[in-house]
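In the two assemblies presented below, chain A is common to both, partnered first by chain B and then by chain C.
And then the complex of A and B:
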């Protein structure tokens, strides 16, 4: 059948060589890159002058058709033809998974002329990326938001949490949330505090390279996330992303223990001060952590609400404490300080902190070292900071502490209650001292 | 000979069992810990009721003598006696190294009752910690500062740089700077910009555990630093600290490529977006990087001066841009933003940034991901931020970019000049794109 969705000069060339959907093509770009794969119908997210082929590794790749692009037909249809929007009837015994799109690279198309990325995801788009999902679960996809994740705010976390909560109440077997990677770890922490001990997994997933690029991790990450959502024995708010370099291993990170630790690599997401809670390999889930909330948990609590009057501030040499007073005068009710080493800021900050604490402002201390826990009992300065009212936050990640403080401020109305809640382990955000954690060599 | 420097009940017990310096003792603490080692004279830094013994691994350990501590004399003097302040004449053909103390755990004693740490270092103290240094170099030690490193400011960087410069001009064969670890990487960056292409190495060194604790890394780190200062073929501003878990390997990091990446582990310092430039193992230096500034370089330039009107700010979801305007109104001339992912902040920040850039305020972008480089050409938002005047800072570490901006602001008087200097590679702070760098698994 003639390939659908293509227009203009690209369509003329495809017709000229008699290319049909499913035919094996070779596409050579003007700069000499060669791609071999099966022609598929233009997906919704691709431009009309971008030819999309399915590579042998299962990825789709979109290649801009420009002056000098050469397309050859190698062989007649060998792969099943993929038609836009066509989804075969699914096995009703499969688990039901709700897929919530919020934007980001995983659910986006790249405009090859400007490099712009626009979020776009339907179940059809998803299936056009990777047909194997149909064997995993019955998927209901919906777009909740279409945002670059750096534009997300606590109000967006609440929106996502509310929609996920509805889907939990609806009885889905799992929730997958497709999310931009820039702030996915902040959202994961937020959902961890709002959706406590959920009955089924809530899995955030992203991609470091968009699904129409050859090296995209969208398909494998999504498959891993869907596997967890549909079949895991545990029900945690978690993040599923590539594990190290492996193309066939997905790491599952606890929502309060994960950060984006590399700007661009596919294995950018890492559990910090803890290991991943599970790995997904060849469709099998290997559980690594103990004491996880089990699927079917009846202790589910929906605890929505964030107060944005929290502030995360990274300390550095020469930084003056007057900024604390300014921010408090603007209404900030609590600070998470990213101190140095075991949890320090300059001694010159102590009088300002003491004064603000007396006014009821919370100060929590994390470390900018990224790995390890604070210990404010080792040095004079740490002791003095504690005496001034600073609360050491153990091995909580600064980003997680910020999100938690927003969540706590919504609930607690005096300093003692804020401190008590900040030090109460709500969603695995504070480490178990019995398990020593090391930087991996 | 009778052990010197001990007082009170401890002295009575030592005299009672006839213990002399160099005798092998067993000390059992009330909580059952057992230490075996040679009795040495009380070092300057130890309290009078703390017994100091030299363990077989060469470390000194100070043990608080309290009710219930048991001391046994196992054998008569087997080790050479160490007397406080006694330094034998040194071989005049050895390299001359200047050791500058600035404070920190490496040159400190612990008060076992309060946990307080006070800096204290003389050549004698140093020798009491590790006598082998005498075989490496003739060492002139002096105390430049006695600060917890979280209390350091750019003025202190200038003081340290000036003293190191004098010692370089004096013709020393190497400089070692003992420094608290909390902000050692900031100081290392600062010295890298001020002491350009020095004729001999300038090596910062710290300790994660003080030298009178059993697991102290002070001795091995100092030996590694002195080895580099005295004998390396390269002359770089660098940091020498434990390499991973190994007790017999010291990593040498470029001063503009290193951060403290763990709050407490001995291998806390890591080169980021680069490898260490050298390793020291069993007294031998293995050079790993190419193109290093050679010992004997005649291109040395002393470029002092920092302008503190620079600001490092970490972005997070929901953070409002009004803080930029407040800080600019307080005199800030340039910002380093720790953005998300490839270098983003919320789109809502763009109008504020554009306005401030028009007023001549510099904005540089780094990533909070810690590893990897920014790329502000991939997404619309990155392009819009660049159009508003934000300068992407490649793979420069945010802490290094802050220090560099202070150094640049002292020299550049308009925005174009600031941008040009920020993107000029001065001291290895911007990566070479040809060497791919990976997170280690």
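And then the complex of A and C:
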């Protein structure tokens, strides 16, 4: 069979000569140039009239297939395959860590169908490539999901939470969850509400550079995550990623305080309205936060379940309130408004909000300022919004408030109960002190 | 050297790398001219081996991986962004660079590929933050003609230049990122060059064609030549980083001598009946106890740091490790350094020595059970390093019995080469999936064909015609890449051929004498020529003034003239002296032409200070006034 990505006439020709991926071919162009090399698959959306050949020097080139192009199959080849090394024996004296794979860049490889990176490696593959992890812990790897994180849903959060819960009950010394970075902070928040005060750390980890690259941050992030899972004094649901551009420092963020603030940089994940709870440097953990849930804590509670009828809505100048009515008619039971400044939307929204609140729809207010706490007592508009039934959500991050609202909606059935739970501190998602964001300009 | 290279089956291929003078880098929008803003970052990375899409790990990558070094990157944000920091995916392939490469391809009759696919070439020595160099073939085929010989071009590629190595310390290496990502064109010839001198000529011809595009960078570090060299029966040796064109023949001659020596060693080992298996089964021994009270400074320093002395026997190698500048001992030492990070080796052909006594040598021989015909190698260092180093020594020595190995070697400034790493295979290449393919359209090719540059021959003719330069001077300006400077300096009004020889022959001469002429800016040369034009010094002072300025960066031309005593005296002083001489000499000559003798006297006094033409003009005036003919003009 012709390799993937070949279509139309060219595919027919390749199949006609029995050419398969990796076979050695000779391509002679109408102008008399001869190319000899191995047949390589093409990305799905690439031009249809071009054949990709890997020359003997290792370079790939594209050659147009036109009237008069002659393709000959010279020899059978070997299709590319990722070969996994044997996993060496594990050291029984080390802490036992469960490694749950869910997909994403940390476990991804080049895909020859689309030419893009794709989740393809199993967690075992990862361990076999990053041998050093076996010096930190005994690892039981398991693939729970294989998804780009933008494809995840609250149902996937529940599945991951359930697997993690089982491992907690099984008595593992720590849990590491390899995750795509795009929505890792949503999953981190979700697990924070479901796995309350766990006995051991639950550490989410990702990579901004795929692990098939020499410069991948997958190895250093994973090592940091395993160090926390195996040895930290605290037991929190947290995210371990690069602290900065350097490979020598991994920041550990609380699952309800972290967001992805950069599209591509290794230090994309930052704690907002709080600092990281710990740093891992050269294998040592430096704890920065106080009052963390200690390892071995005995009041662990498993509280699964999300109701997806929640909505996160960013207000913008001129936005009409009718969108709220439309969404409510679609079944939305609660809104997290990402308002302006201290927590505002246009005054024209007030009557609509008042009407919907009367119907039992929840409205919580966060700020699109990204940093700081809402305060709806400063301006008239804020007071009017509160009078209309909007609940200020303090310094909670909008994404976290959305996840929390889904979790709350699953267990609360009237507005009062929803409001009460939304303002109850469950997993460090609300703080009482605000510190300066920067210590100097 | 009297070697018959054709008989030896010498085959050399060249890879000429040249920076392109594009506005932005190959895969981002940073400028290619370094800018310093003082806004800097320094960060630390580690690189790991990665499998290619064929599921293999490259030997060169594995070699670097074993060294596990920490890499420190420094960057000024004036010419570095997140792309060079490997914190942002690459932007699309720079179209300006592509156009230049296609232009060169058209000039040598190469055939562009129809779709350019960017590859990642694994390089994990830290010189690329990504751990790979982005590179793509733009065209294949074509040729350059050198005399009667046609040298085929294999590939024309575009690739990213690497970061600049700043320093290398124990377990750490520091790079500056400003150069990373500057577009390089690489032209690879077929291995058809059969003579060291021919390599120079081919490189010169390719260099001239590249310069004819008018879009390549000039100056130190913008050009680099790599070579692959083999002789009949040898492996293929890749030599990296020959900076000066003139060094190419010397490097090739050295490589040939090295390969011949290794061939001689190999046949001697065979005739002695040495077998590779018996070498590779040798065991490394800790010999620290032998040296516990050694008087050798080298050894006692090492032991005081807690290091070990370890050694290994090389059965049948006695007398084969030493020699001249090419010797097996040096090869073993380079392997030990590269793989074990030790400072070097000590071997039995050079001992006793380094303060190590005959008794200690005898004890080592006993410990290692060395027979008459056996050699041994010692290393000093921490245990792990000694083991790695001697492991590499054993590996290299056992290879010496069987083959002349494929290697990547570095060219050194003295014309020799040293071991760098194993030769990479094709497993080091995999696709750069972040950069979309580029279709080379008919429109683009037609556009390139319409604006092909003038050949340099035309440029040379023009310089000869306009400025009355000799053919040789015109070409020296072109090959020395100083045509632009020349054109700006002729505006001073000083004779063009003088300026041309100043920029080429004089500079080259000074450089050969070790004068750091790169310290002399074009501005200083212009000022000097202005002073010459104004008669404030003479052309003859040029060499001394330039040498002074090179040695005293920051001082002005005026200061140089004063310090060297090469300032011209005021014209009326010269005239007075001429008058005096005329008065004094004329009566003694009894009618013979006075011009020659008086001119000789004047030159003696004023050489380098007053232009001979000025002296001759004044003298003629005065002689005419005194009523003599003033010599035969």
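Here is the rule we go by: the second predicted complex is superposed on the first by the 340 of 441 C-alpha atoms of A that agree within 3 Å, B and C clash if a C-alpha of one lies under 4 Å from a C-alpha of the other, contacts with A are read in each partner's own complex, and residues count from 1 in each chain.
The criterion applied here is as follows: a contact is a pair of C-beta atoms (placed from the backbone, for glycine too) under 8 Å apart; a residue touches a chain by one contact, two chains touch by 3 or more.
Predicted, not measured: the structure shown is a model, and the values here were computed from it.
Engineer: Contacts for A:63 in the overlay, against chain B (first) and chain C (second): which applies, first, second, both or neither?
Structural biologist: A:63 contacts chain C only, not chain B.
Engineer: First (chain B), second (chain C), both or neither: which does A:181 touch?
Structural biologist: So A:181 only meets chain B here.
Engineer: Pick one for A:424: touches chain B only (first), chain C only (second), both, or neither.
Structural biologist: neither
Engineer: Taking the superposition on A as described, I'd like to know which of chain B and chain C A:233 touches: first, second, both or neither.
Structural biologist: In the superposed model, A:233 contacts neither chain B nor chain C.
Engineer: Contact-wise, after the overlay, does A:264 reach chain B, chain C, both or neither (first, second, both, neither)?
Structural biologist: Both: A:264 reaches chain B and chain C.
Engineer: Would you sort A:383 into first (chain B), second (chain C), both or neither based on which partner it touches?
Structural biologist: First partner only, chain B.
Engineer: Tell me which partner touches more residues of chain A in the superposed arrangement, chain B or chain C.
Structural biologist: B
Engineer: Would you check which partner chain A:402 touches, where first means chain B only, second means chain C only, and both and neither mean what they say?
Structural biologist: A:402: touches chain B, not chain C.
Engineer: Tell me the contact category for A:244 with respect to chain B and chain C: first, second, both or neither.
Structural biologist: A:244 contacts both chain B and chain C.
Engineer: Looking at A:166 after the superposition, I want to know if it touches chain B, chain C, both of them or none. Which is it: first, second, both, neither?
Structural biologist: neither
Engineer: Could you pull out which residues of chain A sit against chain B in one structure and against chain C in the other?
Structural biologist: Comparing the two interfaces on chain A, one with chain B and one with chain C, the shared residues are 115-117, 244-245, 263-265.
Engineer: If we count contacts the way the header does, which residues on chain A are in touch with chain C in the complex?
Structural biologist: Going through chain A, the ones touching chain C are 31, 33, 35, 43, 46-47, 50, 52, 54-64, 78, 80-83, 110-112, 115-117, 129-130, 208-209, 212-216, 219-220, 244-248, 263-266.
Engineer: Going by the contact rule at the top, pick out the chain C residues touching chain A in the complex.
Structural biologist: Touch residues, chain C against chain A: 41, 43-55, 61, 82, 85-89, 111, 113-117, 119-122, 124, 129-132, 135-137, 140-141, 155, 157, 425-431, 433, 437, 439.
Engineer: Residue numbers of chain B touching chain A in their complex, please.
Structural biologist: It is residues 114-117, 148-154, 156-157, 181-183, 186-187, 244-245, 259-265, 267-268, 270, 308, 311-319, 322-323, 326-327, 330, 338-348, 367, 369-375, 377-381, 383, 399, 402, 406, 438-441 of chain B that touch chain A.
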